[in-house]
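Letters are used for the chains, namely A, B, C and D, taken in the order the chains are written, and counting of residues starts over at 1 for each.
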């Protein structure tokens, strides 16, 4: 499947864009996505943390992704 | 000496006035004044506390009073 | 800065008085008049103060807070007179570089104010009135 | 009630939103832009949010606070965009019958917001810019 990945903050800077398309086999998980992204963009390894939100909720690494999900990269938050 | 005693809150209600004149021998203390007032107005004994301010500062029982002092009865405070 | 006022307190101006480019945090405590106490309906609260001493004692609270926390600016304003349900009786505002100190200083200030500042509050009920905390 | 705004936050209206005749205490936390961080002059802060999720996460904080303290009303408003020194980035207001709960809930809310809500802050310096907390 083709996943549309949305990025904020420093994740956007690392991707060089606020949205990228990622090809991922059907049935793959959030953990698989993170692994693939870290392989392609090594600066992600340097972050204090990197979470993924699926459909506006924090997702665990075990969450299985589908092509219709809204997938967002959440680098370390710093509101307030 | 004649002392002018100012009262607030429930102390004013107990005295029946916001100011009373009290006769006290020269050299007497805050403790002496409180004793004399409690003898005359027994409802003071029922208060949770009763302090005396002399010239806008809390005074200890040992403080010696003089006729020119501003003497104020401070029943339990309840601001806020 | 401390003051006693006979009019309603302007929250915005109290907060503006403590804002500072050196600070990242402001905590504001606002004491308001509750409609009931221990389940009994309150009609209004009457506050009175020994004003010159109350202002001095509030300033002592600010001085003690400055000695304990890295405070930039701190203000306490207390209202006196007859207050209706919902009205603001006291506002304490404090600005600090980081947030933990602003909470600690503000809480210290209201806790201490209730113990030391010569201000008295009378609860007015349908069937009588009571000086708060007067009796054990 | 939670919201993300692109305009300056009206403190008075946030406070009025939590006032209640059932409450004796309101605590308000205001996060402002400091002129320096670790001794280095900051020109401005740029905030961005994943807005729909940020609003949900702020509401979760309010729900968790309600589960822990007897809260009457609670509001969190966060601003995004480019903020100048001294401007207000976030306001949290909470009203409770008694004061201890208002401080505890407000402090819990800002502590948790900084950990969970998808909002990011970039410090802009004379000689560069940094996403706050991005790196260990």
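General observations
Simple rule for what comes next: a residue touches a chain if its C-beta (ideal position, glycine included) is under 8 Å from a C-beta of that chain, and two chains touch if they have at least 3 such contacts.
These numbers were taken from a predicted model, which means no experiment stands behind them.
Separation of subunit A from subunit C in touch steps, taking the shortest path, is 2.
If you average the CA atoms of subunit C and of subunit D, the two centres end up 23 Å from each other. Averaged C-alpha coordinates give centres for subunit A and subunit B that are 72 Å from one another. In subunit B, no residue touches at least two other chains. For subunit C, residues touching at least two other chains, in rising order: 31, 110.
Taken pair by pair, the chains that touch are A-D, B-C, C-D.
Partner subunit D is touched in their complex by these residues of subunit C: 11-12, 15, 19-36, 85-86, 95, 97, 99, 102-103, 106-107, 110.
Touching subunit A in their complex are the following residues of subunit D: 31, 47-50, 52-54, 56, 78, 89-90, 110, 113-122, 131-136.
Taken in their complex, subunit A has these residues touching subunit D: 6, 8-10, 13, 46-48, 53, 56-58, 72, 74-80.
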